[in-house]
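Naming follows writing order (A, B and C), and every chain is counted from residue 1.
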Amino acid sequence: MNENEARNTNKRALLSGPYLIWIIAFTVLPLIVIFRYALSDGAGHVTLSNITAIFSPIHRKALWFSLKVAVGCTLLCILLSYPMVLAMKHLGLGKRGFSLFIIILPMWMNFILRILALQMILSNNGLLNLLLTKLGFEPLHIANTETAVMIGAVYDYLPYMMLPIYTAIMEINEDFIEAAKDLGAGGFTVFRKIIFPLSLPGLLSGTIMVFVPSMTSFVISNLLGGGKTQLIGNVIEQEFTTGSRNLGSGLSVALMIFVLIGMAFTMRHNTEGKESVVW
Amino acid sequence: MKRLKDIASGIYIGLIGVLLYAPILVLIVLSFNKSRMRVKWEGFTLDWYYELFSNNQIKEALITTVVLALASAAIAVLIGVPGALGIHALRKRPYKAMMTLTNIPLLNADIVTGIALMLWFVHFIPLGFGSVLLAHITFNIPYVILSVLPRVQQMNIATYEASRDLGAGPVYSFFKILLPELVPGIISGFFMAFTMSMDDFVITYFTKGAGVNTLSTMIYGQIRKGIKPEMYALSTLIFLVVSVILIAFNALSDRKKTPKKNIEERI
Amino acid sequence: MSDVILTLEHISKSFDGKQILEDFNLEIGRNEFVTLLGPSGCGKSTILRIIGGFVRPDAGRVLFEGRDISMLPPEKRNVNTVFQKYSLFPHMSVADNIAFGLKLKKKSTSYINDKIAYALKLVNLEGYDDRDPLSLSGGQQQRVAIARAIVNEPQVLLLDEPLGALDLKLRHEMQRELIKIKKEVGITFLYVTHDQEEALMMSDRIIVMNKGIIQQAGDSKSIYDEPQNAFVADFIGESNIIDGIMVRDLLVNIQGVDFPCVDTGFGENNPVDVVIRPEDLEIMPEGRGYLTGRVISVIFKGAYYEIKVLVDDYEWMIQSVDPAPVGDLVGLTIDPDNIQIMHKPVRDDEEVARDE
């Protein structure tokens, strides 16, 4: 880099100034504030108890259930997404047009209304059971269970997993697939050796977009869990609306630490300098 | 063998389609249902559509939601595009630091972001439309940055230099030469930000204070009393509008792309 | 042909209602270096993709050692392809790329390692095992692609414009190297290119194609010296193609002047196309030779001068080691051996290709 160029890029770096100010004002400082609340007992004394409270028996149960839902929902979304995207690719559904359309459209409908509609389908005398009894099967009792919360989470977040995987797979050059076949790879080998590894950035983005929200949502568990099952999100929300802000902040900070550890773990597998693309 | 795979693919897409769209279909059917009760069908009616248009509360929430989405996405673009250009010019270490900061709102749980902003806002501004707007801009900027940054990396600086060489000033060259290359990234960033803002509930819920409602928070408030059927009518209309927009958008971009070239290369 | 390895029988293919190949027939011998040569869109790559198994023909069969393989998927065919854009797997090292096919065949690790070393040596890339393919230059990537195909010991190697993306100097170097590799591994090469010079230099046999139809097949010399129609004459090297009238056997009338020639069997007083290579025309002082015209341009081309001489309304192109002064009147002469007579085209694919 010559001197002139160096000066030009330096000048250009200044363009990120307003953004840096914004980050400090609305990302960094709020985090400092939440840490201050979390480390205080409300009477001005410093304490760690708000953060460690996440391991207390009542909260441990919610945390455990949250992890279960998050891991289960993420895995199910992955398992459902790949065949979907491959099927779309196989049928050559208008490359971008139609396929993107059916994935994106549900994201634009209000999610609370969609979850309410799902509640009507899953409830004990809902549409699903109506259909089952008509067909001569036993009705299912999934309303207000953990299963219902899991179904709701998968239903709500599936498009967020499908979209990045779809983008990643559709971007794979058809030439690579032909080259693999030419060298003797059958359908499954092509998937295992070419399509899957090349879709990993998409998989990672999808995981980020599904794991954390499904772990911390409180609307889905409120509506589909019937108040009996609590995610960590529910606990935090309740602390803020009716309990202690300090405890709520402490639990939030604990949650953040969990997420960061999880993400650091996931990112480790993707440290070859390739940026993950969320959209 | 190939036919079998075709059929299996079709069936699978159909099944996922049912999973994704059955609840939406329920909403649409309910919008034409005479009964205020949820599941029972008591005959066809358009009443809820009439009532929707005379319901000021819903109208207000809808306007708030759309204005919020448009404004926050637009401001996010205004800050994010120069931000991406600037970040690209940074040296390795500050670059990494900025990217980490950019990822925080994406990685953090919405509930944590919402609470942190709320605890911060109460120190100096009243919670209301302004605080919600600031919150939405905050979580929208990263989407703009991440959409635009790859375009900046692909950008051909040589064209900018050529433009300067031919006598154009730096500002003119930026708008005429560099910006057009960024436009696809800016559009998808704006689109993404707009969607995220429309879709947000949690962060709005914590930062809005009393009196302001977006569609999401209004619906959440209605759950206990029972959802007004006008909401079903509204979501049916939204479904229609979004479908039309997406179909038109696809038709446009399909026409622009010429897949022919690809085929010819292979003959 | 005594030992045929690959046979294409009555192959037809159309894309989007556009006929690409029509009743295409070809036999390829074991160990032959056959080149499909033609302008882009002539169907040559489609033939390669049909043999590779990526395109299914609408009609016709592909026989490999007499066995019909038309219905086999690409991975079951004992042919490998070197793709135009290299198509190296970006998430694998050079060695992993080369090992790809061998691992699928469950070869032992030591066998695979030996093969990788051998192949990298063959393509002059020793020590590149652990490199990321995207960090290599175009020429190096193409070498890896060749190595990746060859380690599988295919009976037929398909090469789809493999040198098309390389610059001229590198292309010449790779041409020589490909011939060397071909000699070393001793397998059949089916090569696709639109570069006539490349085809003439490398091939045992050239198949000149236009619009999905074979125009002429033969070795380099016969293709160059005896083009059978205007398309071939024009596509292979530069030519003067002019209307003539076959007065009788051994005599053709061009621009009102009778030329002795060596061709027979074109009837009497029939219109024909006459092909004369620019290097076969000789400039004489004014008044001598068959034709008289004015020199209108002279361009120095390095090894020779390209001279244009206007006779009536036809511009003759002449390549000569000596220049001629622009504006001078000169005579033109030609040896009867170097006059090539062709029938007038009956189909449009036999005509000189026009830029569209």
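Keep this in mind: a contact is a pair of C-beta atoms (placed from the backbone, for glycine too) under 8 Å apart; a residue touches a chain by one contact, two chains touch by 3 or more.
Computed from a predicted structure; not experimentally measured.
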Review point. Compared with chain B, which chain's mean CA position is the farthest off?
Key: C
Practice item. Tell me which of A-C and A-B has more C-beta pairs in contact. Key: A-B
Study note, to complete from the structure: Whole-Å distance, C-alpha centre of chain B to that of chain C, is 53
Revision key, fill the gap. Per the C-alpha means, the centres of chain A and chain C lie apart by a whole-Å value of 55
Check your understanding: At what distance in angstrom does the C-alpha mean of chain B lie from that of chain A?
Key -> 16
**Study point:** chain B, residues touching no fewer than two other chains
**Key:** none
Review point. Residues of chain A touching 2+ other chains?
Key: none
Review point. Among the residues of chain C, which are close enough to touch at least two other chains?
Key: none
**Study point:** Of all residues in chain A, those that touch chain C in their complex
**Key:** 173, 175-176, 178-186, 189, 193-194, 197-198
Review point. Of all residues in chain A, which touch chain B in the complex?
Key: 9-10, 12-20, 22-23, 26-31, 33-34, 37, 80, 83-84, 86-88, 90-91, 93-98, 100-102, 104-118, 120-121, 123, 125-127, 155, 158-159, 208, 212-213, 215-219, 223, 233, 236-237, 240, 245, 248-249, 252-253, 255-256, 259-260, 263, 275, 277-279
**Study point:** chain A contact footprint on chain C (complex, rising order)
**Key:** 52-54, 73-76, 79-81, 83, 85, 87-91, 100-101, 104-105, 148-149, 152
Review point. Inside the complex, what are the residues of chain B that reach chain A?
Key: 5-6, 8-10, 12-13, 16-17, 19-24, 26-27, 30, 38-39, 79-80, 82-90, 94, 98-99, 101-102, 104-113, 115-117, 119-120, 123, 134-135, 137-138, 141, 143, 145-147, 149-150, 188-189, 192, 195, 198-199, 201-202, 206, 215-216, 219-220, 223, 227, 231-232, 235, 238-239, 242-243, 246-247, 250-251, 253-254, 259
